[in-house]
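Here come two complexes built around chain A, the first alongside chain B, the second alongside chain C.
After this line comes the complex of A and B, so read on.
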């Protein structure tokens, strides 16, 4: 790494390589706290600092919430921009992989509600997360906090954007409307992803695993083809679906009930992964859903009931 | 706006609450006394010129408000020489365009419009210097975001609307 003024960090290890740069786990030498530093190369940009970076970083700077990983600092040199984020060691993806679904079950409600609180905060600030998936949901075992991370860059839906498509590539958490070029990319997209994460916590495996079949056929095999009734705007998706065989929707509710999810949870999930983005539940309304009723008091207060992780 | 998905009706109140909340943070104090080489007259000439450039490039109204805001915030934090004032102006507009516009004009367009008074390297360096000084804090409620809402709420004609934006 180059020499940077005000650089108080020691690199521990490289933890990621994204489209826009490398991510390092580092130690803040003053505070002893762990941080994640994303290093973005801007020296070969003919038009100067790229617009996605200008819009993205200034939006991230605004986010200050218990359930969102904080952008602590931005260091700018002639060649690089360094984004210094708060860092937590455990992510929901590894948490799900490491534990059995029975041991995860008691924690689902708290984790889900914190994800939704964080997301509602994003949305009320005119910002989309755009890349929600278990590896972007970080867990702090000590404080029992769940924090949404995005070491990529968020997009604002107030700001027109053409740069988001990189996030779409191959993510099993993307909503069906993202397959429609002309469709608006807005808050329901994030809620769909939370629904997928919810289902993954219940069943221990991704709702729409990537790999075997293409994403859209998996969605169709779960819901059946969208009709004029279930998704009035979906006639433009019908071309895409033409090659897909007509099939009966699988009974997801049955499966989830079998896995120990209470009926209100099944109902909430079905509203989060509603095919039609305009009828999908919002993050804020999801928090008022009866599923959270027994833990409702803990939602309004900043401190959540302790959840003892195994 | 109920039928416009992008208007996110449900969150509108919150978004404006947030704008109102952050309004003070972004407010610029009077900095001219701290600037030995420039004065209010020069600033107003710069703003007039930027307005002209803004019109020529056919940019969105938000962009102009943000440009002026960036200029003011930068000048309240950094003492500059007289000959750098226009450079700050075009670099601020470059940043504002990248923030607000779908297609920002190119750096060379900005160099050309200022009669090649500065090199493109100078514009790019100034861009970074401004971002660093403002700590990348650009999501600020300029007068424009409030005016849009007031106008929407008070059903006026187009002429009135233009008048309001001009006075701001």
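After this line comes the complex of A and C, so read on.
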């Protein structure tokens, strides 16, 4: 990161370590503005610039949206590529941790609608995120905007194939079908992640927490034991499911209503986390759901209600 | 042109086409007139192994034109002829990587009898070209408009197989 000095940036601190490299908070010494610089090391030098980087950066340069973190510049030296992004004060994960569920409640609708607007915009351009989670949802305290980060770089991995196993590694926000078809990302996958984020804003804790139980057990305890009718993926892992006892689905609706979520919100969430990806609601349709009836969040009126902070 | 009856995709192409064009006056730059025919030859010759995707050589030439219209040929290998061949190959490689995730540089080198030390210099050239293109590798090229022109009344008689050829 020493090299960024040559481009008039000062490293403030390391703020993350992603799949593609390290992320640093930096200061642009010319403008005084904070930026996030993602440093990518081209490890397989003989193969040249990776195709995910060529495709991903090109997409990010092409599309601009209020609810997507902007790529400001691309700098290169040797076998390093530095992606300079706008910097936002806070991520949704920290926001949830720092506040009580009661103090977050008034803001859930506007945060969720902005996430969905950004996602619907990208899905309309055939771009998938693939790794949505609260730490990738950033909040700009000044403009009161929510912006999705890490778009464009996770969409182009791998040749589609089916693995007849159930992967336990990875983010707890990944849709169950993505754990079976490990490299196939599709738009319902992103909507599932938004559903998990929605539930986390309501309850203050992850819908599928890491560590306590394996992901499949959590799915079974929430939805009951899936069948090939309720979840086509059950076919592929019937052996694994065999070891899980029959159980009744948990009454998530009751819990969420108890936490103050309105009935239309419960209905929307249930459609976002439908086990069957083909029946899962799309980001665009979610924006037209009655839950958002009293907010200005539909795609046709992209002026969002600003939200104040507790 | 009346765009009222044009499919939305084409309207989008017409809107963004300018961003995919070389700098104005490109056709009159002497250096470009000297370099371009040689680049075309390299791109056509080395794209033969991917007959299924005609878009790739068009895209590669678009990168070459846009780059050379705004920048001088990068000095990587030490002489103009070698640098020109490397630049044309790198334009093709970038286009190929964009369109085909399974592209393998080592297979490309083997398929086109390129020297072993080539890959060492290719990364440098690839990055210089991408920087010169401001990393805007998703370009609108002539191939994008083929269905549009096939649908206009005067072109109705053109057979699909002629276009494919």
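One rule holds for everything that comes next: the second predicted complex is superposed on the first by the 268 of 310 C-alpha atoms of A that agree within 3 Å, B and C clash if a C-alpha of one lies under 4 Å from a C-alpha of the other, contacts with A are read in each partner's own complex, and residues count from 1 in each chain.
To be clear about the criterion, contacts are C-beta pairs under 8 Å (C-beta built on N, C-alpha and C of every residue); 3 or more make two chains touch, one makes a residue touch a chain.
Please read all numbers here as calculations on a predicted model, not as lab measurements.
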Could you look at A:59 and tell me whether it touches chain B, chain C, both or neither (first, second, both, neither)? both
Who does A:51 touch here: chain B (first), chain C (second), both, or neither? both
Which holds for A:136: it touches chain B only (first), chain C only (second), both, or neither? neither
A:178 in the overlay: touching chain B, chain C, both, or neither? Say first, second, both or neither. neither
Per the contact definition in the header, classify A:67: touching chain B only (first), chain C only (second), both, or neither. neither
On the A-aligned overlay, A:79 touches which partner chain: chain B = first, chain C = second, or both, or neither? second
Looking at chain A, does chain C or chain B touch more of its residues? B
Quick check for you: in the superposed arrangement, does A:114 touch first (chain B), second (chain C), both or neither? neither
Which chain A residues come up in both lists, the one for chain B and the one for chain C? 46-51, 54-55, 57-59, 61-62, 74, 76, 156-159
Name, in rising order, each residue of chain A that touches chain C in their complex. 42, 45-52, 54-55, 57-59, 61-62, 74, 76, 79, 81, 156-159
Residues on chain A engaged by chain B in the complex (per definition of touch): 46-51, 54-55, 57-59, 61-62, 74, 76, 78, 123-126, 156-162, 184, 186-187, 277-278, 282, 284
Would you tell me which residues of chain C are touching chain A in their complex? 90, 93-94, 97-98, 100-106, 119-120, 122-123, 126-127, 130-131, 134-138
Residues of chain B defined as touching chain A within the complex: 5-6, 8, 10-11, 14-15, 18, 22, 94-95, 97-102, 104, 106-107, 123-125, 127-128, 131-132, 135-139
